[in-house]
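First chain A sits with chain B, and in the next complex the same chain sits with chain C.
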Partner chain A sequence: MSDPVLDIADLTLDYPGRGGMTRAVNGVSFALQPGQVLGIVGESGSGKSSIGMAIMGLTAASHAKIGGRLRFQGRDLPGLSPREWRALRGDRIAMVFQDAMATLNPVLRVGDQIADVFRYHRPAMSRREIRAAVLALLQRVGIHEAERRIDSYPHQLSGGMRQRVVIAAAIALRPDLLIADEPTTALDVTVQAQILSLMQELIREQGTSMLLISHDLDVVGDVCDSVVVMRHGVIVEAGPVEQVLSTPQHPYTRELLAARPQFGAHHAPEVQHG
Partner chain B sequence: MSEPVSVAAAPPERSFLRALLRSPKGLTGLLMVGLIVGCALFAHWIAPHDPVRQTLAGRFLPPVWQEGGRWTNLLGADNMGRDILSRTMISAQISVQVALIVVSVALVVGTTLGALAGFFGGWVDTLIMRAVDFQLAFPFLLLALIFMAVLGPGFATLVMALSFALWINFARVVRSETMRIRRLDYIDAATTMGVSRARIIVTHVLPNVLPAILVVATLDVALVVIAEAALSFLGLGVQPPTASWGMMIADGRDFLYDQPWIVIAPGIAVLITSVGINLFGDFLRDYFDPRLERTRA
Partner chain C sequence: MADSNDILLEVTGLRRAFKLPTALFAPPRRLVAVDDVSFQIRRGEAFGLVGESGSGKSTIGRIIARLTDPSSGSIRFDGQDWLGLKGRALRDRRRDVQMVFQSPYASLDPRWRVRDLLAEPLRSYTDLRGPALLARGVELLEQVGLDPAWIDRYPHQFSGGQRQRIAIARALASKPKLLIADEPVSALDVSSQAQVLALLRRICAEEGLAMLFISHDLSVVDHLCQTVGVLNRGRLEELGPTAQIFANPQAAYTRSLIDAVPGKRRRQLQAG
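Let's look at the complex of A and B:
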């Protein structure tokens, strides 16, 4: 087996709060191989999102302390200088957030927001080359009339289109690792399926590894090769996705599986936003 | 799955002009401000007399509608026979100039410091906000007096003293807005794209703070006009022979009982300016605040 893209061992994450530190992640270990998709499943507060934030270097703002090993392609992430971080982020590691409306800046055109990635990481590209690249990306992620949409503002797009824009920005430079934090949770069920298959297609095409953070076991079962189940900051179960979902060993995993909406539940009335 | 309320900034399709035409408040405000700015721009051409020329025969000439008034001096003349209408018009120049310069300086300084404080927090924030607190605790007039005492009264000193007093308004608003915005997902998203912090502030934070800055700027213009009049009234502002509303009021206060028109015209000019700007500022705030619109709809 080749070197893992992501190598996490005994990772701890502490947030400062009233009355000392709160441990959000406690001794988590897993590795992600190139081209593989790993799912992290757990309820709110299980620490699954914190891991994504730590890999992206977004925990520094809340003064969190990272312990243990956190390596990306053999490089120790917490030890990087701000300049090395900037060079890595958006280029080799990219992230897709849950709420595309909040992820896109409301006062900037979507094309310009995708163009940011090129401007920072490919300074040699001319304006025209960047625009052409952005246009190609928008078409690639399935946005119709990309020539018109490139100059739209986020609120002029539908929820699904916004998430497609966010994905376009994330995959723009063919990153080695894509972190997707609940990428489809804010979307309608029908759009969810489209976005998921688009992401699967893209990472397969580009050979990108993906870390999929989700609470939705169906999504994880569809997309992931292996899965890590987390609760209260620790891993309770890990393994290949078929094995974990079909023969769960830990009672918590069984509980999660049992709590899953059963067939037919999807047809229950749901509030839908265009 | 609700849309976040925090998406600031008006959607670009909503036409500013249409909103303005529909708002009696904004229109009235703009009209009043326009009148003053028009006076300031064209004073040299439309003023009927030389604002500094003194005529012995015209001393204490009453306005045209009072007995003894003359059509040549519509609003009468002051104790030195200078035409009050012309002086009021030319004074608008000083007010507009001071207001624009002071607000621009305060805006640039205040926005920069406020954005730094709000974005970086920590000791940067502490340092800047303590300076703001210090400023707040210091009476404005005392501050202005210190400036005058050290630098001597005059236009430049006036501008400096007022800018020094006003930057905190911008700093406070921009800081709180920046603190809110920097926690939003799109700032994190920009970070994950590898955008540097300096560029995040300039391209992602500031455009979102702009509506708030604009509102503060308009309201501060009114403050400056009044403060300039107050300082000039105390003899700390612009010096004669340059005319200014505050100075005209100061000149006329000895004759307040017998010749009140000397004071009334510049007083009304100050009133028109500050009411006009406040109305227009109110309209701007309504226009930019999406939450207000939601309650109206």
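Let's look at the complex of A and C:
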């Protein structure tokens, strides 16, 4: 068996706050194998996003303390210097957030924002090469009239198109790991379905592994190979998606499944007239 | 068949066009956001309006709530020409149609206590004052499943689901006949979604309240609404009983919406 892309064991995350440290993640362990998609499911406050932030090295700003093992391709992440982090982030590990409007800089053209990834990580590329690469990316993520859109500002694009731009920037350097934190929660169903299938195609094409963080077990079920269910900073259940969806063991998983009305079950109550 | 007394809201030929900004001297461009839409809502019925962003569903809700005017068309509400109401007469009847918006983070004033948030609609729409007003506020909180002891808290002290309950309590203050809920659970996570939906369902049954439920989430509409209208680019593509339309969609657009509903793998696993 090959080495996991991500190897997490007994991970703890403590944030400083008034009256001492608050533990957001408490002894979490899982591994992500190359080319696999793992979902982390939980409600707001379950600690699921904190894990993504820790892998991206973004918890240092909030002075969080990381305990336990957090390894990416065999390298110990918390031990990296800021310089090593910057080399890794955006290149080997990339992230897509929920809110594309907040991810993109409103005063920069979208093409320039994707180009930044190349300028920073591939300084040898010429301007012409970068522009060609950005155009190819925009076309690949399904943006029509890419030659025109490359010079658009974020506010000139729809929510779905903006998220496509964010995805283009994330996959620009064919990362080994893509972390997607609620990537479609702000979008409506049809756009959500399009974006999810685009992400699935891209990671398959590039052999990228993905960590999908979501509160929606239906979305995770459609996209992921395995799933980790979190609550209050701990894993309550983990396993292959089929197993967790069809025979959930933990009451909380059952509760999450029951919380989502099943499409096609027709529960709408009768109207009383009298 | 429902007789005419059963009909609470009757929308006929509703149309709303917007002028789009264009360059100086360029010919004006118009966007028809709502195009010849007609439907009825019976008393006590939950009517779902589904469609993608930009389909015109929120515009229809806002027209019925009299927050904006249509370009043409007519609306009868509770036997009255609803669009003909103006000034004082409109103010008096606004109590009958209340709205719950998507984001309880945006719809509740962060500097007001729950007490004040509830007192505002009660003062505007009822004669209650002083202790009677407070008592009604407490009753509303209980009705939406919140602890009345929290009446002096501010919105930021509540979770998203609890805030939406406060927004619902505010909407119920005037004892409306129609509740317009525009994506009321889209900003909430799944567990809070389920609780708020159960609350809406219970309240509509208890109060005999009709609801226009605007959503892009077909599972939720399937769960909550007896009747559904499918809106595509301002036009009503399909209209009828929810169970029938979702089981046997006629329009290609409805089928594409159904195909996009997440949870395919779960449905397959649970089917066999």
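The rule we apply is simple: the second predicted complex is superposed on the first by the 263 of 274 C-alpha atoms of A that agree within 3 Å, B and C clash if a C-alpha of one lies under 4 Å from a C-alpha of the other, contacts with A are read in each partner's own complex, and residues count from 1 in each chain.
Rule of thumb we're sticking to: contacts are C-beta pairs under 8 Å (C-beta built on N, C-alpha and C of every residue); 3 or more make two chains touch, one makes a residue touch a chain.
Computed from a predicted structure; not experimentally measured.
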- Query: Is A:R69 in contact with chain B, with chain C, with both, or with neither (first, second, both, neither)?
  - Reply: neither
- Looking at the overlay, does A:A94 come into contact with chain B only (first), chain C only (second), both, or neither? first
- Message: For A:M56 in the superposed arrangement: first (chain B), second (chain C), both or neither?
- Response: first
- Message: Applying the document's definition of touch, where does A:D216 land relative to chain B and chain C: first, second, both, or neither?
- Response: second
- Message: Quick one: is A:L108 in contact with chain B, with chain C, with both, or with neither? Answer first, second, both or neither.
- Response: first
- Give one of first, second, both or neither to describe whether A:R131 is in contact with chain B, with chain C, with both, or with none. neither
- Query: Is A:H121 in contact with chain B, with chain C, with both, or with neither (first, second, both, neither)?
  - Reply: first
- Of chain B and chain C, the partner touching more residues of chain A is C
- After lining up the shared chain so the two structures overlap, which partner does A:E255 touch, if you call chain B first and chain C second: first, second, both or neither? second
- Once the structures are superposed on A, label A:S246 by its partner contacts, choosing first (chain B), second (chain C), both or neither. second
- Share the list of chain A residues that count as touching for chain B in one structure and for chain C in the other. 271, 273
- Message: Help me check something: in the complex, which residues belonging to chain A touch chain B?
- Response: 56-58, 86-91, 93-95, 97, 99, 101-108, 116-117, 120-121, 153, 155, 166, 169, 186, 271, 273
- Can you check the complex and tell me which residues of chain B touch chain A? 1, 3-4, 7-9, 11-12, 184-186, 188-196, 203-204, 207-208
- What part of chain C is in contact with chain A in the complex they form? 2, 6, 42-46, 52-53, 159-160, 189-194, 197, 201, 205, 208, 216-220, 222-226, 242-243, 246-247, 256-267, 269-270
- chain A residues touching chain C - in the complex, by the definition given at the top: 43-44, 158-159, 188-194, 196, 215-219, 221-222, 241-242, 245-246, 255-273
